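Both complexes below contain subunit A, partnered by subunit B and then by subunit C.
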Partner chain A sequence: MLRFALRRLGISAVVLLGITIVAFAILRALPGDPAEILVDPMAANGNREAAVAAVRARLGLDGSYPAQYLSWLREAVQGNLGFSYGDGRPVTEVLGRRLLATCQLVLTSLVVAAAVATPLGLWAARRRQRLADYVVSAGSLLAISVPSFFLALAAIYVLCVKYSLLPTGGAPSTGTVGDTVSHMVLPVGILAFAMAGPLVRYVRAAAIESLASDYVITAKAKGVGELRLIRSHVLPACLPTLITVVAAQLPAMLGGAVVIEQLFAWPGLGRLTVDSVLSRDYPILLGVVLLIAVTVLLVNLLADLLTAAVDTRVQLEGRAR
Partner chain B sequence: MSRGLAGLRAGLARPAVLRFTAHRLAVVAAVLLTIVLAIVFFGPLLTSLDPHHVDPSQYRQPPSSDHPLGTDSAGRDVLARLIYGGRTSLTIGISASLAAAVLGFGLGALAGMTGGVVDSVLSRIVDVIQSFPALIIIILLAALMGGSMTTLVVSMAALEWPIAYRVVRTTCLSLREQDTIRAARGFGARLPYLLRWHVLPEVVGPLVVVITVVAAVCVLLEAALSFLGLGLPADVPSWGNMLSDARSLTVLKNMPWLWIPPGAAIAGTVLMINFVGDGIREATDPRQSR
Partner chain C sequence: MKRIFPVVTLCLVAAFAGCSVGDDQQSGPKDGDSGAGGTAHVALYTQPTTFSPVVTISGADQLVQQLQWDPLFAVDTGGELVPRLAGSWKPNADATQWTITLRDDVTWSDGEPITGEDVAFTFEVYADPSTGSLSTARFANIAGVAEYTAGKADSISGVTVDGQSVTVDLVNPQASFALGIAEPIVPILPEHALDALPRKDLATSKFFREPSVGSGPYVFDHWVNDDKVAFTANQHYRDELALEGVDATFLDSDVAEAQIQTGEIDYAQISAAAAEDLSGASGVEVLSATGGSIMGLHSALESGLLGDVRVRQAIMHAIDRQALVDTVLAGHGQVINTIAFGPNADVPSDVDTYAYDPDRARELLEEAGWDPSKKVRLEIIPGLRDREQVVDIVAGQLREVGIDAEVKRFDQAGLTTAIGDRDFDLTISGYGFFNGDPSSMAGRVRCDLFAPNGSNLVHYCNEDLDQLLEDAEATTDDQKRAAIYEQAQAIVNRDVPVILLFAPDALAATSSAFHGFELNPLPNQAFWNAAEWSKEG
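Now for the complex of A and B:
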């Protein structure tokens, strides 16, 4: 187990290095010079060139690209991701606060989605090819197909504008439970709905397979009750699928969070990304890419280990990969 | 011999067609999808609607006999923009998914049939691509290369080929060890021949399903990107661009004709694509016939 984890960690480190190189190359190739953007266009006419050059030197943008990358990497390993071009704050500080907001949103949605999708998927599998199955399956397809922002617009229209039940956006500010909940209901509900779609489908498929297997038939023959059958035989068989799908859906969820955060003015990583693209804030963007890569790799590693822990069929040492 | 094989293949294909038509919802979706494609691609030829005609006197007018779906913030006809916008959105979805399928098939077959270092390197690249939120990368690429249709199609294809790759690679890995392939190799068959006559017939069903899934994803990606104002230029008609008007609360509140039609068009079209894909999956997946 430990050897497997270490090996995966080693591969992850190499992948991470590759990602930062590619991200660095893409960002440097973006049109628009941040130094030009930072210096006031009206600044002292004759000296503007000099001012721009000075800013460029201060930001470390005057060296060759490989040299710039290496100096960034040297600092990054020591935990310093540079400073925002916009307001000069340390990137790690900005990212930390935004990451917290995004985690609050995404993790809550994840829990809600799994809590809703698992029973629905099991139910559909149990009532296969009957009305309940058709309704649940069509519903999950609907959740995959409707763009989250259109759903969000419709929800804002009905719940916020027409009946003013909920605030239209923003982060919880007063800190009371009611305020927090009312700010989170819509973004979490919409993200969870989109996430539940694929989850239901995979849980249903795994449960159908499990229901047709010999151990379930044996258990039934022994007279095991319906609830106990699902709880101690079918559900455990679905867990590895559930974990794998949640991990595989994480990138899509972070992508979905970009749109939802923008719409609901949620101060998370997604909004930070959009704002930083528009203002060419390289250090922030590079930090965002690095952070997402680390998160996704860690979650995948964790998912693999969890799957191995709950799935008796997976034997890590013997696995050919 | 070749006619016998073709006849056999047609005979095998028929149950798949029958199984698809037995899936009533998928058939309805396929018919509706065909109608949408016909309207979007041939509609402009039959009418004189102009999605670019700006008329400042017709600023955000509600639906009327002149403009069945009203006008937008530049006084342009919403119905015309809906039809031409569908053309843009679906062209992007279809070309990106076809490009991704071709790329995935080529690289997947290469990895699956040759194995070794090629396979490990390609599979690691796929891991990296799949572990990243496509939307964020496309936002960066669109900012880098400018949000043109070509940029979007190329970056979507570059990010979405791994699904096809995995399907084709897995099939090749299992095919490679089979006696038919060994025999063909023994007779001197080369890779292109093996791909055409042994791999392609095996993966064509799953690959079509992958194309529908990726097309649906790409239509949604374009919509999200343009909605955020980071995709196609604002004057290009596309469903996502039309929806981005609704980011203003005034429009959302008082002008539903500006945002409900494009939103419903995206949701409906993607839903139909997914229903058709599901029907094909059930018709071609051998495990379903149990």
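Now for the complex of A and C:
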């Protein structure tokens, strides 16, 4: 398994390099010059040309594209991802803060979603084509089809404005457990609801397949109890599916929770990405791309290793030899 | 594995529930008398990024900077200058020299006195394009600036300091010099904290992200997160302050509207639609004031498409501007016919009001030989509801008179590029402070201030108008100035350098517990009297 992991890591490094080149090229191909944006033509009052030239020199945008890329890469391998064009802070510092905020939101939601979706999916599979199954399936369809922004606005109106039960938004700032939980309930609840929809369906499908398999029928015939049957036979069979789906969702959620972040004034990575695209903040964008790429590669590797650990039928390349 | 899952779950929930996104720092009152009455929570309409007034002159940055830094003088709600660091300011008879005298009791938040040297240093930083300054034009008329920026002098020869007194010699007479450095605000910067930094690195200096010194009523304490800044009462402020601190947070407009109703925030700038929603809400005060900014459509006049004044006049007649105010702004605004407007702007009583008259518009287009097959773009950056509604309505009304108008959406970068390439037909934009002194129009119409080296974005030029503006600056006699400006206003009204739509009212909502807030007509001056804020409970 170690050999397999090392080989995958090696390939990942090459893929990462390719991703940075492509991302750099795409970003530079976007119309608009960050220096021009920073010196707003509607607001500038004075020698704008000189101000733009000063900004361009300060940001290192006056060299050729390959030179700019190589200079970025040279620093990046040493851990310096550059500085934000907007406020001059190191990219690692900006990303670090935003990543923490997003992880707090996304990972908690993911855990809640998995904790809710797994038993529901199993229950629906066990009660297949009965009322419980129809209710759970309809609920999961609803979760998939109702847009998060609508749900968020409705929840804010009812729970915050109308009945003042929860704060309307903003990240927790006092650090107390009560403050943290009260700020997280709504965004986490809504994100988890959206994530749980597809999860329920995947778990249900995997469980139905497992329930129809020979080893479950044999176990049943041997008189294994309902709870033990699910816990020892069906659930383990669903775990590879769960891991694969979560692994696929996680990287997308890092940058994709933008609507929830916007509505709940949560300063996470999604909003940072959108703002950085609009302001052409190249160093931040390259940092975000790099971060998401690393996450995708690592999570996929981890998912493969976890799947092998929970499912003895899976043989990793390294183990087979 | 089956035992791992619940354990991992519990660990993750515990880990994340226990940590907070922001720094867990509680700001508290420092030693001193000021600031014992709670914290005001104010909403910002964009994300704050820097405390550097040199490189930002709009948006939320200016608001947080007003808490941190004091200017020489501020613009009050009536558009008049009121003292801040300066106790007095006056020109000589022909407005070629200004004497500004600082108050004796002003100090930085670290206890150092604020002196004339700080003023001279600040003027150097703003006048020097190598700092990335967006305001060089406002200082270009000071004697010696050209030599200083060319590197031929170590300081600006026209600025002389004598203790708390600063004398400014100008190249050309400028009766509006004080007003010109009051809006957008020119905060005075601390020489003792910044002088050692290379000028070209000032804009990105860590100091302007986390300033250790300030002169305003509330000074930077810490960044709670990227959207939220905590301020604490300045213990060396000259007046006693009622609040312990101020928290300023960037909030989406919908969120701000909800939070003002729940009492989570004390102030938010609001849209006309929100003003209607919030009027009558309990615990919320909706404030309205005649606005100082204008909303207009801008064209690269030299491109020829709208170069003919008759076409621009036709567009003015083709748009039902009063209907825009009534529908889009729900009545919270006024139609304007000159760039500088209001009771003090010397607008002659007989200006053309460009009443909505599609027939007149068609006549003018015919006279100008307008080709109906020409496409005209209405450029907009999407995201602001009122502007989107305006361009959609305007496009329809222009098509009715035979102008083939279409709305074209850009992001900020795309529009900036188009403006740089001088390739824009009718770009909607709102800005400025034009309901005070009529001199405020100069930057937008003078021939020597063509963009990119000035703010005459449309490249309008009329030498007669330039002469009148120059003459008006050369006199401090109010009656003479008014007579000259009336002629200037008539030219601007006739030539329509910018398609003027309306001047929106300034609108804000405050919580009933928040006192002392006075709504300034300018959105970027909303925190102009923060020293007078207080809060109940």
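Quick note on the criterion: the second predicted complex is superposed on the first by the 300 of 321 C-alpha atoms of A that agree within 3 Å, B and C clash if a C-alpha of one lies under 4 Å from a C-alpha of the other, contacts with A are read in each partner's own complex, and residues count from 1 in each chain.
We adopt the following convention: a residue touches a chain if its C-beta (ideal position, glycine included) is under 8 Å from a C-beta of that chain, and two chains touch if they have at least 3 such contacts.
As the structure is a computational prediction, the values presented were derived from the model and not from experiment.
In the superposed model, A:L142 lies in contact with subunit B only, and not with subunit C. Of the two partner chains, subunit B is the only one touched by A:V274; subunit C is not.
Look at A:A265: by the touch rule set out above, it reaches subunit C but stays clear of subunit B.
Set against each other, subunit B and subunit C touch different numbers of residues in subunit A, with C touching more.
Once the two complexes are overlaid on the shared chain, A:V177 sits against subunit C while remaining clear of subunit B.
In the superposition on chain A, A:A252 makes contact with subunit B only, not with subunit C. Look at A:P167: by the touch rule set out above, it reaches subunit C but stays clear of subunit B.
Of the two partner chains placed by superposition, A:I230 touches none, neither subunit B nor subunit C. When the shared chain is aligned, no partner comes close enough to touch A:L191: not subunit B, not subunit C. In the superposition on chain A, contact of A:A206 is made with neither subunit B nor subunit C. Subunit A residues 30-31, 153, 156-157, 161, 168, 262-263 lie at the interface with subunit B in one structure and with subunit C in the other.
Across the complex, subunit C meets subunit A through its residues 1-2, 9, 12-13, 16-22, 24, 26, 47, 49-50, 55, 57-58, 129-140, 184, 200-201, 203-206, 208-209, 224-228, 249-252, 254-255, 258-259, 261-262, 264, 411-414, 416-417, 419-420, 429, 431, 443, 451-455, 457. Those residues of subunit A lying in contact with subunit B across their complex are 11, 15, 18-19, 26-27, 29-31, 138, 141-142, 144-150, 153-154, 156-157, 161, 168, 248, 251-252, 254-256, 258-259, 262-263, 273-274, 277, 285, 288-289, 292-293, 296-297, 300.
Residue ranges on subunit B touching subunit A, taken from their complex, read 25, 124, 127-128, 130-136, 139-141, 143-144, 216, 220, 223-224, 227-228, 230, 243, 246-247, 249, 252-253, 256, 259, 263, 266-267, 270-271, 273-275, 278.
Put simply, subunit A touches subunit C in their complex at residues 30-34, 36-52, 54-55, 57-58, 83, 86-89, 94, 97-98, 100-101, 103-104, 107-108, 111-112, 114-115, 153, 156-157, 160-161, 164, 167-175, 177, 179-181, 184, 231-232, 235-236, 239, 262-267, 272, 275, 278-280, 309-310.
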